[in-house]
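Next come two complexes built around subunit A: one with subunit B, the other with subunit C.
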Partner chain A sequence: MSAEAYPPTIPPAAPPNPLEAHRQRHAAQLAGHLKEAARDRRVELALGTLAAGTLALIAAMLVTVLVNGWPSFAANGLGWFGNGGDPVTQFRAMQTGTALPGHPLLYFSAWPLIWGTLLSTIGAVAIALVVSTLAAIFITEFAPVPVRRVLEPVVRLLAGVPSVIYGLVGLLLIAPWVEGLISTQRKEAVQYVVQLSGEGLLTATLVLTVMILPIMIALTSGALAAVPSAWREGSVALGVNRWRTIWRVSVRAARPAIVSATVLGTARALGEAIMLAMLGGGRPWAPNPLDGLTFFFEPIQPLAASIVKEFGDNPNTPIGHTVYAFGALLLFSAALLSLAGWAVRQPLKRYGIGI
Partner chain B sequence: MRAHRTLAVSLTLALMLAAPTAAVAAKRLIIGGSTSVLPLQQKLAAAYHRQFPHIPEPKVEGGQSDIGIAGAASGRFDIGDSSRDPLSTDPKGLVFTKIARDGICVITNDKNPVKNFAQTTIQGIFSGSVRDWSEVEGSTQTGPIELFDRSSASGTQDAFQNIFMGEDLRISPAASAEDSNGEEQNAVSASPGAIGFVSFAYTAGVNAAAYQGVACSLRNARSGQYGGVRNFWMVTKGGPKGEAAKYIAWVTSGSKTTKNIINSNWIAVH
Partner chain C sequence: MSASAAQPPTIVRPRRESISSWPLADRLAYGLCWAVGIGLCVVALGIVAFMFVKGISALRPSLFVESPAAGVLQEKHSGGFKDPLIGTFIITAVGIAIATPLGVGIATWLVEYARPRWLARTVESAIETIAGIPSIVLALFGLYLFARPMFSFLSASASDGTVTGLSFINAGIIMAVLALPLVVGTTREALLQLPARMREASFALGKTRATTIRRVLLPSSRTGIASGAVLGMGRIVGDTAIIVFMLGIGSSKIEGLGGTPVLGTLRGTGTTLSAYIYYYAPTGDGNSPNKAYAAGFVLLMIVLALNALVTRLTLRSEGERAAVRGIGRRMWAWERWPWSR
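Up next, the complex of A and B:
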């Protein structure tokens, strides 16, 4: 062993002059900043990759649906959206492989499905809009605090109930009640055209309304609660009574949120498949408003419910192409809906709460 | 650094806890398809697990026969259930193993207890040429007939079409298409003027009518007198392998356990 001391002692550094010390501190700071910047860039890259991956997934989904659905649109042209016959007969022709006389194998006319979708969605959203606004006003303005503390979590819980449960409740409770409303004379009047039962437009729309209410109430009450109290107090100070304050100040300020809630509710109603497959009535049919009250008992089979009912797992069959075409139409409607929601919200944002 | 270390340690612990259970446990079979085979399959799966407790109980789902067959082909199900015979339009490479036979009953509402249907009556009603209960003898209802059909993926519908309707007649497109035996049973029990068809195990709460003078009962189906009897199949992609092979071999073994279960509501074939 050498005579050197162990551990080796480091000769103390020469005492730096102040300028040298300053330069060393500066260099250390700069190195720290550069390291942070490199780490920030790495994190940015990672997060950017995740976001790009999500976008790529959505794009892949869009492309798959459009590519698989294109043959159905190509074979039918604009007649795809028209009313050219009974969809059940057309599905059967595609399944057995024997085309209907005078038509290609992929012949399909989706108007009954489109009309059923429009009716159930617009009906449910119209009723839900009124009920959810009034319920939200009650929750934020009139409910005593203990009641509000119970109502708010309950509404959020309801938003998470699976649609099969709604379908079950509809089948066991609401459908028998609606069946009791249909008299035998009414059934006889249309018996050569369509079958009326407890499952139809009315039941489906009622249960659909209940399904989209929770999310709309939650959004609207959140926005109403966020209205600055100064605005309301100012209105009351001017002598405006309570209801007019609520309506003219709070609800008016919450309009962008109400539009968002409506868009969300419509999106959920458009995409609802399982419950409508159970409660729609089991037959693709375009209810005729000129039938009077019978209109409410006629069966419907909206687009998403048709996908559930008809798809047999193989996209390369005629039925597969038709079902993917339904999906393409639903995706397009969802995009249109988002756009419409954005457009409606723009002028409202100026004095509104916004979400 | 400390956060990284905590994360790494907790991840490792979680994986260590999961790994032994995953390694030792046998694969859990997923069986799905026909809603007619569903009650039988559920009972068989429970009995299988009771007899071999170290093998996890197979998970049994519904979805109707076409979904079961397509699921077996795509790998979604380890075994698919089918209540209809194989068709030429089915995916290639599937092996169908017969496990039992089952009866289809024509059902009406309890308020309309029709005793018997002739084949021509059934064909007339379901094809839509007979529209009113007043035209059907033996019926106590007087009103429009409400037809309940099954959706296109149903094996029971295929069997009904072949056995009761024959080659040339099709069920009327105006019928309401239900998605499972259970929903059909519920729909017919809810409406006095309703008529439909279900598998044998779903005749509670509705009136199961006789067909061509023979009552729709298990005894008549077993003796061959009742005409509306069809096969139950378990479908695998290629020959059954591994866990699926063990399960299918047990089901088709003809042991006392399986025979008792099958004979409770269905007809044993092994």
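Up next, the complex of A and C:
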């Protein structure tokens, strides 16, 4: 047993090794970097999952409406899209649960609703196409600055007004005016077939036009404003007047945007439900163009409006299946139109117009 | 003779092109443009003026403090729109609280990461598709989805155990889907407008993408995100179809579920102003036009206020962008209208 020296000697510290210190510092730094990089990857993964979730959402929606609507399609086959009898009696049969004689309970022929959708949509888009192009030209080219300063909020306002307010205004301003156009004679001539009132094809189409105008104006004027000014100046320098320059150069260059505006306007018009439920006239009916002027006053009930008007709250009933079939048709058309609009706008990116 | 020779030659200055030199068809088209522009103003003015006149004449203070009550015939004094008004605020808050983080996240991924490329392009068109889906179809989807037993904790159940699927939180989630494309669009635009040097400066300091996004990019695009959120709120406030199917018809009251104050309300049912208007409109089941006008006036005021807020925010973000990029402020940024996306 050796005696320990007191006080114990402290072994001298190792001389600082600069290389080792550097290594340690480096390792700590690297660990920090790796941790940050891992966090970065986690963030990327999380955000990517979120983004991919939108795809799942669309898939879920498609599956939901298809699965719930399938019984209706299956029971009717292609006749679902055809014209066979009055939808009013068919809806009533489904509500009461007593099948129409010779037909399954789910018997339904949606042509009057599809025809109403087509008429109101095509009518509104046709008017809005002309009006929105002219309005966009006016806003980008002709309007003096004060007028332009008023027009921008005006278009924004029209885009923001809820559809239920459009319905209210249509009911109280447009419908009485349209009703004034219908002569008593005309009403009496058809009163045993269909009741004419102020609410009908004409009223619904007019209000629908105003509703889809803002988005079309915005898209078109965005593209018109982005046409390189050198193109226009070249035309003006050749002695072409301003209108022809706009028509031949700007509008032609903005054609993809006009097409895409039309497509998006169509999608919006297809999906409008509340306003059309208020202004359509409240009866599923297929207006006949052969009826002359009466055609414009006949009631319509487009697909989307029919969902609002006829559906209770249970998807698992005959009427539920029928209504989900409407939803499936609307969803498919709207999705196709949106994709078409997106595809049409891609060439515009060349000009740097990222709408 | 010599005097006239000394006169300087008259200089023919090119005058500004006048409309009178145009062909008739072109002049007609020019006139049409003016007519359309003025027509738009007249339509907007007509709507606002009509709702003002009808609304103010139908508005009574008691409408704001009374709950909707049955009684079609006693239109004069049978209930107001206290519950729908509160419901509008609740549903807007819930919807936008869900839509904003989701939308900002998706937009950030689209602009800053976007890997793999094909997924980014697919997501981009998916957002576009969601923007085009009619709200009535969203309502059908939500009604089916939230009536599944696994979502029974979100809404009331009937006595036989079937889940109703009607509640503020359910409707709010579907409303968030409705507002999502607007939030994504504006945020994306705001992020794309930031100059590359902001990102590069942060990377040069050794910061990762995630840190750059959180500390540099998102704070700088705050106003853009805010205007997207306000646009989304405008969309939510005005939507009727989702409310009618997923929350309650226009005459219902706010009915909480269970005792807990906030959660109970969120899981309970109610209604909003838009559904109230639909119900009491002349074509609706309630058919008390005066109530509909009064509520329509209030709803239009909310929409106008949100609109003004968007305009302010857009102008401000334009100004901020101009300050960042060192160029003059652009007043007429038509192509940057957030809701055109």
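Keep in mind that, in the parts below, the second predicted complex is superposed on the first by the 295 of 355 C-alpha atoms of A that agree within 3 Å, B and C clash if a C-alpha of one lies under 4 Å from a C-alpha of the other, contacts with A are read in each partner's own complex, and residues count from 1 in each chain.
To be clear about the criterion, a contact is a pair of C-beta atoms (placed from the backbone, for glycine too) under 8 Å apart; a residue touches a chain by one contact, two chains touch by 3 or more.
On a predicted model such as this, the values are computed, not experimentally measured, just so you know.
Colleague: Would subunit B and subunit C fit next to each other on subunit A once aligned, or clash?
Modeller: clash
Colleague: Between subunit B and subunit C, whom does A:Glu199 touch in the aligned arrangement: first, second, both, or neither?
Modeller: In the superposed model, A:Glu199 contacts both subunit B and subunit C.
Colleague: When the two structures are overlaid on chain A, which partner does A:Thr98 contact: first (subunit B), second (subunit C), both, or neither?
Modeller: In the superposition, A:Thr98 touches no partner, neither subunit B nor subunit C.
Colleague: When the two structures are overlaid on chain A, which partner does A:Pro299 contact: first (subunit B), second (subunit C), both, or neither?
Modeller: A:Pro299 sits against subunit B, while subunit C stays out of touch.
Colleague: Name the contact category of A:Thr184: first (subunit B only), second (subunit C only), both, or neither.
Modeller: first
Colleague: Taking the superposition on A as described, I'd like to know which of subunit B and subunit C A:Leu171 touches: first, second, both or neither.
Modeller: both
Colleague: Which holds for A:Gln24: it touches subunit B only (first), subunit C only (second), both, or neither?
Modeller: neither
Colleague: Comparing subunit C with subunit B, which touches more residues belonging to subunit A?
Modeller: C
Colleague: According to the stated criteria, A:Ile307 is in contact with first (subunit B), second (subunit C), both, or neither; which is it?
Modeller: After superposition on chain A, A:Ile307 lies in contact with subunit C alone.
Colleague: When the two structures are overlaid on chain A, which partner does A:Met278 contact: first (subunit B), second (subunit C), both, or neither?
Modeller: It touches subunit B and subunit C both.
Colleague: Could you point to the stretch of subunit C, among 168-176, 276-284 or 330-338, that collides with subunit B in the superposition?
Modeller: 276-284
Colleague: Can you list the residues of subunit A that meet both subunit B and subunit C?
Modeller: Residues 171-172, 199, 277-278, 282, 313 of subunit A touch both subunit B and subunit C.
Colleague: Mind listing the subunit C positions that touch subunit A in their complex?
Modeller: It comes out as residues 17, 21-22, 26, 29-30, 32-34, 36-37, 39-41, 43-44, 46-48, 50-51, 54, 102, 105-106, 108-110, 113, 115, 119-120, 122-138, 140-141, 143-145, 147, 164, 166, 177, 180, 189, 192, 208-211, 213, 234, 237-241, 244-245, 274, 277-278, 281-284, 289, 292-293, 296, 299-300, 303-304, 306-307, 310-311, 332, 334-337, 339-341.
Colleague: Report the residues of subunit A in contact with subunit B in the complex, numbered from low to high.
Modeller: So the residues of subunit A in touch with subunit B come to 86, 88-89, 91-92, 95, 97, 171-172, 175-176, 179, 184, 187-188, 191-195, 197-199, 277-278, 281-283, 299, 309-310, 312-314.
Colleague: Looking at the complex, which residues from subunit B come into contact with subunit A?
Modeller: 66-67, 70-71, 73-74, 76, 89, 91, 131-132, 143-149, 151-153, 170, 173-179, 183, 186-187, 190-191, 193-194
Colleague: Per the contact definition, I'd like the list of subunit A residues that touch subunit C in the complex.
Modeller: 36-37, 39-40, 43-44, 46-48, 50-52, 54-55, 57-58, 60-61, 64-65, 68, 131, 134-135, 137-140, 142-143, 147-148, 150-169, 171-173, 199, 210, 213, 215, 218-219, 221-223, 225-226, 241-244, 247, 264, 267-268, 270-274, 277-279, 282, 304, 307-308, 311, 313, 315, 323-324, 327, 330-331, 334-335, 337-339, 341-342, 353-355
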